[in-house]
Structure formats: structure tokens, C-alpha cells
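So that you can tell them apart, the chains are marked A, B, C and D in the order they are listed, and the count of residues begins at 1 in each.
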Amino acid sequence: MIKAGIIGASGYTGGELLRLLLNHPDVEPVLATSRSLAGKPVTETHRHLLDFLDLEYENPGMDEVRERCDVVFLAVPHKTAMNYVPELLDGKTKVIDLSADYRLEDGIFEKVYEVEHTDPGRHAVYGLPELHPEVSGESFIANPGCFPTGASLAAAPLAKAGLVELAVFDSKTGISGAGFKPGATSHYPNLAENVIAYKLTSHRHRAEIFQELNRLDANLNNINFTPQVVPSIRGILTTAHLFMKDRVSAEEVQDIFRDFYRGKPFVRLVEGVPSLTAVRGTNFCDIGFEVDPVTGRVVVISAIDNLVKGASGQAVQNMNLMLGLDETRGLWFAAAAP
Amino acid sequence: MIKAGIIGASGYTGGELLRLLLNHPDVEPVLATSRSLAGKPVTETHRHLLDFLDLEYENPGMDEVRERCDVVFLAVPHKTAMNYVPELLDGKTKVIDLSADYRLEDGIFEKVYEVEHTDPGRHAVYGLPELHPEVSGESFIANPGCFPTGASLAAAPLAKAGLVELAVFDSKTGISGAGFKPGATSHYPNLAENVIAYKLTSHRHRAEIFQELNRLDANLNNINFTPQVVPSIRGILTTAHLFMKDRVSAEEVQDIFRDFYRGKPFVRLVEGVPSLTAVRGTNFCDIGFEVDPVTGRVVVISAIDNLVKGASGQAVQNMNLMLGLDETRGLWFAAAAP
Amino acid sequence: MIKAGIIGASGYTGGELLRLLLNHPDVEPVLATSRSLAGKPVTETHRHLLDFLDLEYENPGMDEVRERCDVVFLAVPHKTAMNYVPELLDGKTKVIDLSADYRLEDGIFEKVYEVEHTDPGRHAVYGLPELHPEVSGESFIANPGCFPTGASLAAAPLAKAGLVELAVFDSKTGISGAGFKPGATSHYPNLAENVIAYKLTSHRHRAEIFQELNRLDANLNNINFTPQVVPSIRGILTTAHLFMKDRVSAEEVQDIFRDFYRGKPFVRLVEGVPSLTAVRGTNFCDIGFEVDPVTGRVVVISAIDNLVKGASGQAVQNMNLMLGLDETRGLWFAAAAP
Amino acid sequence: MIKAGIIGASGYTGGELLRLLLNHPDVEPVLATSRSLAGKPVTETHRHLLDFLDLEYENPGMDEVRERCDVVFLAVPHKTAMNYVPELLDGKTKVIDLSADYRLEDGIFEKVYEVEHTDPGRHAVYGLPELHPEVSGESFIANPGCFPTGASLAAAPLAKAGLVELAVFDSKTGISGAGFKPGATSHYPNLAENVIAYKLTSHRHRAEIFQELNRLDANLNNINFTPQVVPSIRGILTTAHLFMKDRVSAEEVQDIFRDFYRGKPFVRLVEGVPSLTAVRGTNFCDIGFEVDPVTGRVVVISAIDNLVKGASGQAVQNMNLMLGLDETRGLWFAAAAP
């Protein structure tokens, strides 16, 4: 069995990593770290894992982590991962960083996250495997943000075709993306029966979306993003309003998407409109679209589970590819719907 | 007391009309019609009105309605109101039609609703009082749709200023707009923990939004609209992504909105992002905005209660103006938040 | 106009008091205190009251409060009110304490709340007006807890008739009862799609329920209470499983309830099962029941809004009675359903 | 691979059976029947199973079903299963009936379900494996109801110990138990922000609970049950208020539960109060309890997923036992929490 460790295992993405790895036939979680919870059973915070896991939280040094683990997931906050990564990368240990620290070019990172990068110049492959097949065989991956996963997958085929002039991503997310720590937005009376728009024009994930789409079409610069929290635990529904340089037909769009996602098992092109229900708890990104007969706009809808395809599931998919396993290994299960 | 009647009183907008009229110091509901429920107490279907109302549903002819009522609300389905209106309009009775039948020009109506208009050529004032002060003194009003109310109010000031080149309205609505009849979209297991996008490019309300904004700026034609249902009972949060011809500053936008909505008591310009919680059950439209420093887009957010400002509350506001009353009469109460 | 002040106005019950008083024809809120927010506009925290209220939070001494207010509501935490009450009671100012400090006999209070009472021996009338008509004309009222309001009203008629041998109150509450401060229970991912039972056998509100029912029937001692939080903002549905000494018929129960609540405008006896929807935002307590043909148990269901009849609405009802006004004054409005 | 068929596969329990069987290493679903949908792809209704399943709905005769399947699940409505069962039972095919038709003794069934039993006298083992180890090796099983599963598991240990005098089961269920067909109770505006109590004293599941507990203690007859729907898709939280003949200590209760559920992998005794979140999508029944120091009542809380342990998961657990497989086969996965 391949041995996996999770740095910062007490949060939601840590819990999902544990759930998915426990379900994986070739990997077992052997290490879960938490500074503040060291010594406590992991199931004390992740109660749903009771009877599945005997680990206690630990707080070892990075050299011990390297020694005990074949693959290490960093599920720590942004600006923290870069403190651990340099010590972990020994050329042998596979490292998957779920934080934002290595997703962007240094200069852009420092501007967007308003912090100095303490490990500049290090290259990580951006772990959106449907757009970055070079993940296979790599030993260091920057796992994408949740919004960029849904947004980039919605727009990439048309961007790559050079058709898009202006993109507006209007995303609706469940609240689990904000983490397990209670706050004003996650306070039930504030969120229930409400929609909470935030960072209308300045969310940091725009930089990632821009990087991915602009990489596919260097002329595509007018990229807009606004997130909203809806009363749901999980899921991101992204409504991509894509304005075309020239009119396209539904058939052309259909062909472009089919070609682009051929052989990508986790992207399902659906008839009609995708639903969060159909992807909940899974690693799928379901995509549907419609062409506006009036303005020519193409509306693409993508649906993901923010904690799975938007975080921990994608990390396991990356791990599979890094280890030379089938990318669906341990991830090929359907949603418990409804 | 002014006597009010409601044609088609058994639905959600009928119930809200009754609640609001019962709260109105100058008006009393004297007639509630329903074909299928005639003879039954109104409180049998509107159980929350128990002890407030002694009416039974009736099914009288329109001449009797005219005789018994000073003001009549039509809360019947689209394509049905036009069967009643001609008989009701006697020059004396005030008539407010909450259906879509008289909101659009005949030709556009017939195209959008795919039905022949059986009462063509009749003029109704479009009852969005913040944009149509001519409501005052009128005797026949077409009450706007719920989405167009939120969208038009969000964009009107900038449209009137001739600044908008392209508008994308991405609206999130509670499910009560779909009515009291159970269906697939309102089925709890389908809607909870989900976001249901529908009619991505073809919702009929676009025609109304177009009519209102294009009226304010004849050059503004690129108007896009996509609705989504979120897991909430009430409320529409509209995210208006407005692309400007030229860059504008936040201060300019602020001034334009302040000037436009000066003296309009039901539009509140808020600091930060509006919330559905703050307007629930009320006739307010709360509006906030942000200017995108990267692309120049102005993101305007409007929040309304779809059953109040988006339907019955606006109808009462129109009634007040038609009757020469203060437009806030009976409507000046705050939300029960949270 | 009667002048009202609220000590501790920044929380949910403070917000509801403001909303209700703003709607009251004879009273106006003139003072809202908050230690930590002094100097800030009240509408900064209660955003739904924008354009209704010009007050800033203040932090005056109690003698100033007495001077400026005819009636004072204490919406401060338990164990805090008793610090203010002695200074406020001057025989002239009407004082309504929404905390638990004066609801129970001193000895019982100290045992249940595990704190010394610093103002022992002072008598307050228990402000459940349907059970305590002596509220009228009083100048100091202890406003009941939310659970006890729903539970006591459900069981009082049968208790007073001496019929009940054993009572199990299984209550389901919305989360707003826990206040505006985020915490683990109110964290959306914890509460949504869940039911959170807590203090299964030891909730402090049992003491109040016991006090009220045992007062009506000194032999009724077997009183059990278990609360649960359900995914809702407002509302308490109490399922009272009442085991009778001897079999009773549905007709007998119906008569007992009708007689008991005759002339009590805020208790509505409904056919079928009460619904939180019908009381949301209002001061009603809706009650329905069924007699178990197998075991003779009477199941009584009561529905209230925890922030209104369970707190601020009841406080205003008490204020009305204390001031000699009709008890429905400012409170006679129906729910905005759905 | 063992071949499985599902009669009536288009509903929620059918969908869950498919999901679970697709996840099962030894079984494959080969037949999904539906009269009304025959000829249509199963994934047209169960969209979450897209790319997992190639089946179309069929409508074969029972002899063909027997021929093609080693094990058959009946997921048809009550009163329908008894039309299929006689033809399916050939001594070889394993049959698991998820309907109520064979759960109760004939006479009791006819009284409770108010219908004549057309296949009287046939014996089925009641498939609650924790209480009925005789499931192993059987070829015909009556799968329990959702409420009885949670209620019986909560009370069985103390019932078997002969300690219980009176039991009140107050259950809170998600709405998926009502099926995929929209109706008034599942209508989002009716259920959200509400708790819907129903059949306060007359739910048919009481007969099953009575059967199971009375079997364990013939003197235990005072069994009461009231169900409520809460705003959730899945899950049943049962609050069992158990009144003891004599006082018991928490330690005694703990020992009784531990002994009773030793070796039962799907019952987890948790510290504190169980949560629906921890069992969602899984076959677990989590149980916690507290002893009331005042009245001696024992409050036991059980949490299950109504569609899994309350229906399809339990059916697969029964299948495993009938086939001589480990009962956890294909079912040993943790919840996707939160």
C-alpha cells in the first residue's frame, strides 16, 4: 500500500482527503497532522470517520513526514504551505499542495495575495488534469482553487478554439468552501433564505481563471468573475456567460466540447442543465450549455462539488496520475442522490 | 374605506395581496375570487390569515366585481387576465393586472408568449413606479414581472445615463415565484442543496427588461438574462454585470444612482452588498454596486422580495399612486430579520 | 407617544423589539444601548431597519435611562439583567426583562443557572399573559423563555383540568434562538440537512415549564423536555406528548382548549396540525391536537415564532397590558406566508 | 458476478439500490424495471448514474426476472409487492421486499394497511439484521420501514432487558422518504423554514415498532410514535423517550447497549449526541443516550439515513447475509461530511 500523509488534516478538505483515501484500494492514510489537535483521535473532529480510522493527530517535522509517507497532501491555509514545501520536495515524495501558494507566477501571487513569496522561483504543475496532462509523472502539483476548477472547465474548450471575446463567470457556491470555522457568512440565520454576494470584482480566484484561459487564448483578456454563496453545504454552479467573436451554432459548440473532453472521465457533458445533486460527493464536473439566439452569447453551466473536484477529489486524481495509476482509481463512484 | 377585490386570490400573490391590504389603513379586501374554491373560506387555503379575514371565495361576473370594488387586482395566470380586463375597465374602477398580458406591446407579447392577444391595442401603464411616475392617477396598470423589477431597477440609472454597452443579468430567485402548485423544481429533494438554472437564454422576462432599458437608452440592445432558482422561499438577488462604453468611477456611479432614486422611498442604496434578509416580506429594493478595477465592469446587486416588490407589494404601491395616496401607505414596515 | 428604551439592543431580540415598536402606533423607540457599539448607528447592525430609525447605540447610566424612557426592555444575557433591574425600578418606569433572571424563585434560579442571585427576593410577574392576566397594570415583568412559552401554552389547559399524569415536550427550534453570534451549532454546514439534539435531559427551560404547569396542577410532576435545533431560522414547534390519568375524548379536549383560550387573541386553535409558516414573524401561538386511540396519549402541537411570541412580541404584548393598552396593539398583523 | 434485479427501479430507493450495487464488488445490477418508463435509459431519471450504467428500464414477466437474476429487490409501493412475490419465490432466487407487504402478521397488516392481503400465510423474515440474525441464509426477506429501523434500534437493548415501561418515539425525517413525486409536503415553500408533523397518533409504522419491541418484551405495550418532516433531504433522527420501570444509571445503560450491539458493524455507539451528517449516504445507525436525573427517563437518539439504513442499504446488508457474504460487503464507506 502507498502511504499518504495529510498536513493540516482537521479541516473540511482534510476530512475529504481521508474519506477518499480510505476508499482507495492502493493507498492508505498513515499520517494526519494538526498543530492544535496533536494527540487527539482524528475521529474526534471527523466524527463521520468513526470505526474507519485509528489515527491520532500528530505534529512531526517535515523530514519525518517525508520518511513515513510516499505522498503528502498539504491542506493548510494559503501563505502557510510555502513554509513546508521546500523541505518536503526530495525528488521522491509526491507532494500535492491544496493551497494557492504555487498556483500562480510569483509576481502575480504576491500581488494577488498581498504577501511576499518565501519560496520564489519554484515550479509546480497546475493540477487541473483535464487541461494539464503533464500532471502524470510529476512530483509536485499545485491543486487548483474551487472556483477556477468550475470556471476554467466551463470555458476552456471555447477559449482554446479562440472564439471567446468576453467572459463573465457568475458562480454560486455552497458554504463549505469557507471552512469549518464558524463566521458571519456561515452563520445559519445569515445564509439561510439568502444569497450572499461577496468580493464582487476582486476575488483572488480570478487570477487563476485568467491564467488558465489566457494560456489557451492569449487574446482573451476580458475575464470577469463574481462569486456568491447560496444556502447549500456543497457544490459550485458556475454560470459562464461567454460572448463570442462571431456567432456559433449549438452544434459547433457541442462538437468543440466533445472533442475537448474526449477521454476525460470526470467531465460529463449532459443534456440540459447540470445539477449539483448529480455531482455531490463525487469528482465529476458536469457541463451543459445553451446558445443565446438573440445576442449570440453562449451560456455554459458547470457543476462540481467544491470539496471534491474543487479540492480533495482533484488532489486524489492528481495523486493517481503522479503515481502512474488510473486517474479514476478510488474515485469512480456515483453521487448519493437526492 | 376603499373596497378592493382580488381575481384569483388563492395563489401566493393573492395571499400577499390579502396580507398587505389587511394591513392597509384605507383599504379593505371585500372580494376574493376563485373558480375552483368558490364557497370555501379563504383561510382554508391561506391559513396564516386565520382570524383576520371572514371572506369566502366567490366566483361572480365581472360586472358584479366592478360594482362591489373600487380597485381590482388580477392575480390570474398569464393569458387569462386579458379575458377579464375589457369587462372591468369602466373608467371608474382601478385595475391592476399582475399577469404579463398588458406589459408588452401586442406584437412582442404574441411572439414572447406564443399566443394571440384577444384584447389588442389596449394601453396599460407599466407599473414600475420608480421608472414610471405616470402611474399616478391612472386607472389601468400592468404590474411588472418579478425578475424585470429587480433587473430594471439595478440597471436603469446607468442605462439612462447612456453608459451601458452590454448587460448581463444573472438572477437568483426563491422558489415561491413558481407558485403554490407542487412541481419538479419545487420538490424539496430537487431544490435543497442545489441551484437550478433554467431557460438559460430564453426566459420571457428578458423582453420586459429589454423594453424598460431600451426605452431609457435606445442604443442599449445587448441585454442578456439568465435565471436560477436557489434554495429559498422568497427573494430575488440580481447580479447585473454592466459593461460600460467608457470607464466610470465609483463616485460617478454613486452620484448617478443617488440622483436617479432621490425621493423614491422603496429603493434603498446600501453600503456594501444588499441582502435578501433585509427586504424579506417588504416592498424594498436594496441596491449596492462595485466597479471592477480590471475590466471596468460595474457590478450592481439588487435585492427584492419577489412576492412583494416583485408582485403584490408593487401592486399595492401602484394602487396607492392610482388612488392619490402616499405610495408608502400600508407598505411602510421593515423586514422581520433574520 | 410613549417612549421606549432597549438595554442590549444589538442582538436578535433587540432587533425584533425595534421592528415591533416601530410598527406600534402609540410607542416609539428612543433609546438603544450597547456597550461595545456605542456611537454607531443602530442600522449598521440591524440593516433591515435602514430608513426607519435614526438612533445610535448609547451606553447611558440607568438613571438616565429611567429619565428618558417610560418603558424599558432588558434584552441582555442571563445573569446580566439583575445588575440593571434594581436601579430601573422606580415605581414609574415599566420594566420588562427578557432574560431568565426573574422568572424563577430565587432558590430554583440559583440551582438551575448555577449562579448567585444578586437581587434576591424581588418579585416579578411571569409574563405569559394567557396564563397570567395579572400582568395588566404591573410595572415589572419577567418575560418567559421561548421553549416554555410554546410548551406551557400547549399543556396548560389539560394541566389545569387536572388530567395530565406525565408530559414529554419534544421541541424543535430554529437556530435564531441561539443569538446572532456565530458558533458551532449555527455553522451552516453543521445545521443544514441535520437535526441537532442538545441538553437531552438538562435544559434549563424545564424549570420554567415545571413552574407553570405544576402551579396549575400541584400533582403534575413528571415533566420531561428535550430540545432540538432544526434547519430553520425561526420558529418552535413543540410536540407535547401528554399522558392522561384517564382516557379523554377529542371532543372533551377540544372543549377544554376552547374554554381555556376564549378571549385570548394570540392563541389560535387550528384544525389539523399547526405550521411554523403561519406564525412566522407574528405573535401567534397556533395549537392543534390529536388523541391517540391506542394509548390514550394526547398529542398537542404548538407553533410559535421564537423571536416574537417566544421573546420580543410577547414583551410588547406585556408592555401593552402594563400600559393599559389593548394587548394586540401594534401586534395585530398576519404572517408573510409562505 | 451475482446478478441483481430491481422491480420498480425509478424511485429513490431504486436509485439508491443501483448506486450501492454499482459499488458492490460481487454483484452487478442487470435488470431495472419500470412499467411507465420501459425502453428509456435508467440514467434519464437517475441522472447521477450517468456513465455508470447502461441499462434501460424494462417490463418483463416474473419468470423472466427469476431467470435473469440471482437476487431481486422489490422497490414497489405497498400493496403492490404481494402481486409479484408468489411468482418470484422459487426457492433459488433471493427476494428482498422493501415494501410493507410482508413485514407484519396478516391480520395486523390488513388492519393497518386497510387492504386484503392477497398472499396470506407466507412467512418472511423481518430484515433488521441486528435484531434478526436469522436473515443469514434466508431466501425471502421483508425489509423494515425507515422509522421502525431507527426506533427499534434505539429501544431494543433496553426493551430486551425488560426495563421499559413506556416508550415515546418522536422522529424527525428528511422528506426523501416521501418519494420522488412532488406533493404538498415536499413543496419547498411548505417545508423550508418549517417542521411538518403528521399522523400524530396513527402512523402505520407504529405497528412495526410495536411488533419488534413487544417481541423482545411481551409486557411492553405502551408504545407511542409521532413523525415529523424537517427541512432536509435525507436522514431520520429518532428521539426515544424511554420511561423505565426502575431507575437505571448511565453506566448500566451503556453496558446494555455495548453488549447488545457487540459485533454489529453498522451500529455505532457514539459519545454525545448522534448527527445525521455523520451517517448521510451510509448504512450506519449512530446511537447516543442520556439518563434524565429528574424523572429517570432514558433519552436515546438514533440517527440513520432513511434511504440507506432505512431502506436500500439495509436491503443490500440483507442481501449480503442471504448470500453468505460479509454483511459490510459494498457498504463499508464513510459519509461525505459535511
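Simple rule for what comes next: contacts are C-beta pairs under 8 Å (C-beta built on N, C-alpha and C of every residue); 3 or more make two chains touch, one makes a residue touch a chain.
Just so we're clear, the structure is a prediction, and the values are computed from it rather than from any experiment.
S.K.: By the touch rule set out at the top, what is the minimum number of steps from chain A to chain D?
M.R.: When the steps are counted carefully, the minimum from chain A to chain D is 1.
S.K.: Farthest chain from chain C, going by the mean of C-alpha atoms per chain?
M.R.: A
S.K.: Counting shared numbers against all numbers at the contact of chain B and chain C, is it over half, same, or under half, different?
M.R.: Copies use mostly the same positions to touch.
S.K.: I'd like the Å distance between the centres of chain B and chain D, where a centre is the mean of that chain's Cα atoms.
M.R.: About 46 Å separates the centre of chain B from that of chain D.
S.K.: Please report how many Å separate the Cα centroid of chain B from that of chain C, as a whole number.
M.R.: The answer is 36 Å.
S.K.: Return the distance between the CA-based centres of chain A and chain B, expressed in whole Å.
M.R.: Computed value for the inter-centroid distance: 39 Å.
S.K.: Which residue numbers or ranges of chain A touch two or more of the other chains?
M.R.: Residues 12, 176, 180, 189, 192-193, 231-234, 275, 277, 280, 338.
S.K.: Along chain C, where are the residues that touch chain D in the complex?
M.R.: Residue list for chain C touching chain D: 166, 168, 170, 172, 174, 189-190, 192-198, 200-202, 206, 222-224, 226, 228, 230-235, 237, 239, 241, 243, 273, 275-277, 280, 289-295, 297, 299, 301, 338.
S.K.: Taking the complex as given, what residues does chain B use to touch chain C?
M.R.: Residues in contact with chain C: 12, 15-16, 19, 22-23, 46-52, 176, 180, 192-193, 233-234, 265, 268, 270, 275, 277-282, 286, 307-308, 333-338.
S.K.: Which stretch or stretches of chain B touch chain D in the complex?
M.R.: Where chain B meets chain D, its residues are 12, 175-176, 180, 182-184, 186-189, 191-193, 231-233.
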